[in-house]
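Next, two complexes with chain A in common: one pairs it with chain B, the other with chain C.
What follows is the complex of A and B.
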């Protein structure tokens, strides 16, 4: 899969705690353009489980959850036609 | 139709105002519509400069307990109440102010942060909103 890097919108939630990762993810989703990919990085444990719950509730596509050096990276796809 | 949460904010205690905003912001983030209905001591917190001025509901110890909790919160990087309020408004949450409380407590619109309040209303509005809600809480 080729990804246009301009379409990746990064959200840095490192060292943020409840409810900030969820809230910042939602803000990014609201601001996103059709076709964007939201990439959230954080280390708050519950948010790794709960951001995907929000993604499901919002009817969006969860592309991946990756673990790296104790941090997680969650990628969310905004549909072409929002 | 979008699911809705309606929360009565009756307490003006520092920790309970936190609970209201954490739940409210969480629900907004997860795609719900949210109304926070500020009444009685909760409404005091919508006065200018008073949002984080409530005492702790337990172990306040004349403000020492609250001071300790605020230190711990800072260490844990917990967002401030002002930050929580601005997130709430940015995510489209509604803040309702009880006009009966304003009457009995002698609060005027001028005393309140009108810029964040979407509606001044009474119990009828709460019941109408609660009736349409899948989640309603009294804090």
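What follows is the complex of A and C.
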């Protein structure tokens, strides 16, 4: 699947602890445009579980959770029609 | 995102009632002039009449007279005026003020400001339910005490102080008494003709009235100096063009609150407390069980943080507030929960639910169901909870 890189909105939450990554993710979701992909990077373990919980509650699509060198990257799809 | 919002933060601010808005509209579009005396144009006189009528209605509800009510921009300004105004007027007679440790910020921070200016301030302790000790109050009063300021009901835990007893103690010692009734006005009876209270702070925003309008009741002949200079509005007590649409809306909001509504709100609140304490393990009610405002429930969910609960409830369409202030990244715990003897864990896990006119019983069931699930899931990732289970 090819992704339009202009549609990726990056949120850097490295070294931030709970609940800051969730707060920043929510802010990015609120400001996103239809079709955007929110890409959150962090390393706080609880947030890795909390953010998908929020994605589920909001009825959004969780594209992936990737782990690399102790960091995680969560990708969330904003529907074409918000 | 499209879920119907369940709003349970009515003590922070409540949704305006449409009937209030309709009452206000003519004062924006028709009778929009500044309030004037009989010696000016008719539109200004009509504005004045609207303002006077609003003042009369609210003062009557409080048991006072119209001349004793000063409109302000809200409870923050009212409490500032009460405390700073009295201290300024009586500074030659004494330099001691008494407040409670769990009063709201307008009172606490006014007291702290005056303390930095040289005033002596006693911050009274409260018990585990949030009540002050009347004997401790009597002991704190000395020959230099000029004002006692104790809230009627607490903003976070809803505990209601015995302001009749407090006002009688103050009167007996010939000391002025101010009470911040922002969270009790119209939800609980308060009558200044029956209680010897000298100053009362009230606000519109918690009873489905407009924001930006409040009032301070000042008993006739109370020594007080204004702290906003300008014109001679509000009986020369508060300068600035009057917020007439706000005052008229405030009066309408007062008129719309009924005893039946307060019972309706209390029933929802009671059901919420009962169900949460029964269905969600490791929960505690904060504040007094019966001496509390009908709209307030404040519950600590142990092993989880209030901000996390608040965020997850929000994403499930439920608005509540927490005694924890991690959003500012300062991790400050609620001074109220700490004041009643709670530790940081209890303070950070506390959630406040405050009901209003537009809530219904079905919402209580939904909230309990969602919060049970959210708390359960948050505990699964809580290091505190894991430690407790080990």
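Points to keep in mind about this one:
Definition applied: the second predicted complex is superposed on the first by the 82 of 82 C-alpha atoms of A that agree within 3 Å, B and C clash if a C-alpha of one lies under 4 Å from a C-alpha of the other, contacts with A are read in each partner's own complex, and residues count from 1 in each chain.
We take it that contacts are C-beta pairs under 8 Å (C-beta built on N, C-alpha and C of every residue); 3 or more make two chains touch, one makes a residue touch a chain.
None of the values given here were measured: they were computed from a predicted structure.
In the superposition on chain A, A:27 makes contact with chain B only, not with chain C. When the two structures are aligned on the shared chain, A:49 is found in touch with chain C, with no touch to chain B. Within the superposed three-chain model, A:57 lies in touch with chain B and with chain C [touch as defined at top].
When the two structures are aligned on the shared chain, A:8 is found in touch with neither chain B nor chain C. In the superposition on the C-alpha atoms of chain A, the part of chain A touched by chain B in one complex and by chain C in the other spans residues 18-20, 22-23, 26, 53-54, 57-58.
Contact residues on chain A toward chain B in their complex (touch as defined above): 15-20, 22-23, 25-27, 30, 53-54, 57-58. Against chain A, in their complex, chain C makes its touches with residues 1, 305, 307-308, 311-312, 314-316, 326-327, 329, 377-378, 380-383.
Of all the residues in chain B, the ones that touch chain A in their complex are 22, 25-26, 28-31, 76-79, 87, 90-91. Residues of chain A that touch chain C in their complex: 18-20, 22-23, 26, 45-46, 49-50, 53-54, 57-59, 82.
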